[in-house]
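Each of the two complexes below includes chain A, the first together with chain B, the second together with chain C.
Coming up: the complex of A and B.
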């Protein structure tokens, strides 16, 4: 009989500081590179803007030292680098003749996102507190999803009714709803997973849980899907569905959920294909993006990435602005063109590392809710990156989702900083040295009872 | 320009490899210690107690076929086997659905019997919740919480 012990805990905050300095340096070099390539001179605001960006990142680092000393040391540097690279690319596309003016807005939203993340670290000293508000979170997420359908504040942009406008700002509430519903799923599944996985009957060799255990979650999921269908936002509904199936699988350890999930997914995609004309168009563009007379967005993205080749044209030296939405939905081809395959893969590895750290926090976390929440959040990032990158590289049909941290878009940036704050909070809990009293009391703990009512 | 362009890519990958270097310690950061060792480390470990000899005739051991401890087995000895989460049990289960002292398996003449010791979630033999003095033989399956034990020869 043997036990597995963790190595003695270290806070690793100094490691984080070093990595953070490297991350900020890379962003500043990239910014300087854009200036040198386009104007043949260092950008005049390199010191002020770069300094501001560095201050925001280091302020977050200090808050972590104070409020979550055992939090994961690599998450913040990775996220800072991705956010910074996104800012550089958005700024670079602003500089093209007739380009938008999105970088200052994005910088402002970066600050808002960091403030929200810091606030979350202060307000939620222990992630288990979130469990107290299970159904409030579920309801709030659902209401947020509904808001774009409201007559006055709802806005229809580019064929999807997923925006609300408040005094000049537009906001995509589904991004925040995603987090709230993940919390709701995690909290609810922890309560009911025993009943879900142990009680029930087998249908065609697949164990199915009872309706009363499944009811609330099915209703929540169907409702959110229904709303998304009415808002015609297929990317987000795919994300919600994947999240739902993934978390059920993790919570119950039943492979049948994956089979049921894939079955429902195939049926749903086919239904969507029959029902929505714009989805049919997406599918036909997926098979053949070079059709004459159709949207050439995917084709232009592919051409851009091909022009980049192995090492890219260099920041500021390509023409990513030729693709529509080059700074939001198609920011990945923009990077592919200017940083090349090598740079694009670096970005994908960075996402992989974020997901790995999220899952690691889930494994190490001591309570079921934290495990499920960390897994769900990490999985949502993984799925979102897959849907976006798969869409622009023709692995799957293109659906409109934002690339986490890179795309221009305030609500997405804010939501992703909040996700990172939650992961940092959970990893802090997971890596903290455990209470030495705990192993002694193990045998006198109450035996868990399978709740079947 | 080319220098900056390639330098930026090199820096990006250097950053990734430094992160992987940091994570390496995390991946190999566990060590395995035997449970017999004292946690505080100030008392010498007691010499290993010899297991009483297993009985030759009839079933000889219990194999765990389901649950977190799947794959391990315990010998059936004259002293009987106490099963539960309590560290003083012969078979200590790491199963949240097992009680501290959950069930007992002992010999009566040529027969092996199981007692449920008033556990919270019950002990099941052949799909039925049992009380006391339930006979078991080779191949019987005993479910305790999420753990299934099989009597083997």
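Coming up: the complex of A and C.
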């Protein structure tokens, strides 16, 4: 295991403060811009709403100073910026004639997300504590994943059964399940990585693990196929399986897992393609989105992005409302239209930075669990961005997933804030100078024996 | 575990790169073609968000955009109502556009590449963008005369400047009011469009250039005469057989003249006289003697079967293939399966008037940006040279006698030499003939060539002939141009 360099580490909290001021300023300018473009006047609530948003962001910053002073200084400003821009776009789409009224709800969920993230920083002073609940998290994760299938509370929205509803309140449990299962994967793989990578025989030049070690992998595969088949949710299925394969590879350092994983996923996808008409429709629209008489949602998104061109129409001056789900699944085309290719690049780079910071926390982290967890969380964001942005830009067939931090949707926002809190926690651990007087009693991974059961 | 995390980082980098590339393809490489996809509402909304250029006739706008308070910002108005509909077309939010509104959309909307530099200046100076205006070649008086003359009848009129090909009048009847389709009350627009497109009289059709082609009847004799004179075997004085009726070879049916009796003493008639009185038997025989190749070749030189854009596409006129003798005899007098547009027939007259040089017809004179700088002008172009100037001048003289003492006296204008040819085309039993007149004036210095078509004899009905119904209309239109 590697450690960070031995130079006296700086907390970098002041860097974070400066970046955070810039992020909040950009969001406030964007908000003012929308008001000026649509109503020819500054929004009346610029001071109150904008001030509230700034206070929430700076409160989080203060919590970090107190509870995780060595945390990565870039994550919070980026996430604040993305969350803020998402709010601005959702608000902008609310303003179109006949538009929804999603911004207040999104603002509330932003607050909930931040509170959850702050609470997590308090409740979990060390991420290794999460290992105590490995199997509880795993069980809870898979149960949550399957709850939309239950009668009464399961809800089918827009053709995918990925929602649960409780008394007028709907929630996408797969978002929370994603975190729980990532923790479970990380913990389980750290335990079994040696068995998985060292024991087994070679078949056709590929080192295959033993059947008993294959078990959980097959369960993960079946669970993700189940999501695909019974919930018609290709995106979530792809996300979970990709996440698992990625983490497995990092844990075992064996490429055979990637080949096995991709092979299994392709086989499952092909089977689903043969079995389900709506899946074939998705694929055919992927090849040609402009088929008369078929769904034109990709086509409308593409035309929106094309209308934006290089520099975009400017916030409030395009017609993102012409695209379906313009504030959720298709919020990326909305940004492409109004901020242009330049703005879209900036947003993608921000996501790239989050992922890169997450992976860096993984590399710098001193314990295997932390490494795997940070890598898994970062990779899940990368996968999710790839699946949703790739879907609207025709890199892959369109599937329903939310864009992290941007899309309107409470469960997604809450889950992503929690992910960021975890990454902050792990990066704090990674960059913190180890206290020579207080040996890390939890760090037993380094001397762990090879368990072959 | 650090090496695989780094490698995973590379995978993530590759994934993000693919997204960046895909976004670039959509928003940069394919942006233009996506913008131009049919049914792209954003492009449509964008085109409404700035002032669309006017369409002008003379100094007056026949189509212009006026600001409104609703979401579409600019309302397209056609102050003359239906009069210029055939030329301007309509500009509808729901149903797109037609005619010049459609063909010159790039200029009118201001999106043409030729306006790029000017657009750039607008962006820098912060002025609101505005489309370029399009000046039509139409002559307001001629258009008015043509519109009035067709009222209550179905038909079409085309008037050309024979020297340039500029279209001076283009009328079709019945027609429609483009204001109905340009309205921002989209329900109203929908019901208007449904009504117009279901109307059996087909008001949305431009009969001058599209849709229904008509048997040209005796106006086709101009082309027979041209073929005869160009062959070198005939002069205007050549003698042709002119019986009261001609037995069609290989059949028991007879092809009669439009009038009782023969065409001249001893069943003989000169070529010139045969044209003057529109002798069917003489021309049926002439057609058979020349052969179908010679007749078809002359028709093709005049433009039959050839595509043409004015800028709207003109449906090619038809001279049928593989004719039997009897069919050739009928085709020579513009019957059987010969079909022509009024535009084509006007072009034939214009070619004779212009000494044998047929000019390409055009409807748009120039395009000017909002500062009135000319961006584009249409230069007259020769479409074809179907006949020599000698043939043209002989035909000119012969066609003058049609108007001075033949079937076309109704087109005579006092004090001015008028040349022309009538046509009365049967098209199936039980219906009245489609009647034609085509000609030009003044014959010694042609300023206007016209073709007039009235379907089913117009208001006259069964008694209608080209000379009776179409010739007086042609006279009114030609007078309007010459300024009498």
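In this text, the second predicted complex is superposed on the first by the 425 of 453 C-alpha atoms of A that agree within 3 Å, B and C clash if a C-alpha of one lies under 4 Å from a C-alpha of the other, contacts with A are read in each partner's own complex, and residues count from 1 in each chain.
Keep this in mind: a residue touches a chain if its C-beta (ideal position, glycine included) is under 8 Å from a C-beta of that chain, and two chains touch if they have at least 3 such contacts.
Here the structure is a predicted model, which means the values were calculated and not measured.
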Could you tell me if A:128 is touching chain B, chain C, both of them or neither one (first, second, both, neither)? neither
After superposition on the shared chain, which partner residues are touched by A:65: those of chain B (first), chain C (second), both, or neither? neither
Quick check on the superposed pair: does A:318 touch chain B, chain C, both, or neither? Answer first, second, both or neither. second
Scan A:105 for contacts with chain B and chain C and give back first, second, both or neither. neither
Return first, second, both or neither, reflecting whether A:294 touches chain B, chain C, both chains, or no partner chain. neither
Just chain B (first), just chain C (second), both, or neither: which does A:81 touch? first
Partner chain(s) touched by A:250 [first = chain B, second = chain C, both, neither]: second
Is A:343 contacted by the first partner chain B, the second partner chain C, both or neither? first
Dual-contact residues of chain A (chain B, chain C) 1-2, 340, 356
Residues of chain C that touch chain A when the two form their complex: 1-6, 8-9, 11-13, 15-16, 18-20, 22-24, 26-28, 30-32, 34-35, 37, 40-43, 45-46, 71
Contact residues on chain B for chain A in the complex? 1-2, 4-9, 11-16, 18-20, 22-23, 25-26, 29-36, 39, 85-87, 92, 96-100, 119-121, 146
In the complex of these two chains, what residues of chain A are touching chain B? 1-7, 12, 15, 19, 22-23, 25-26, 29-30, 32-33, 36-37, 73-74, 77-78, 81, 194, 198, 311-312, 314-315, 317, 339-340, 342-343, 346, 349-350, 353, 356, 360, 439, 442-444, 447-450
Would you tell me which residues of chain A are touching chain C in their complex? 1-2, 97, 246, 249-251, 253, 290, 299, 302-310, 318-319, 322, 336-337, 340-341, 344-345, 348, 351-352, 355-356, 359, 362-363, 368, 371-372, 375, 378-379, 382-383, 385-386, 389-390, 393-395
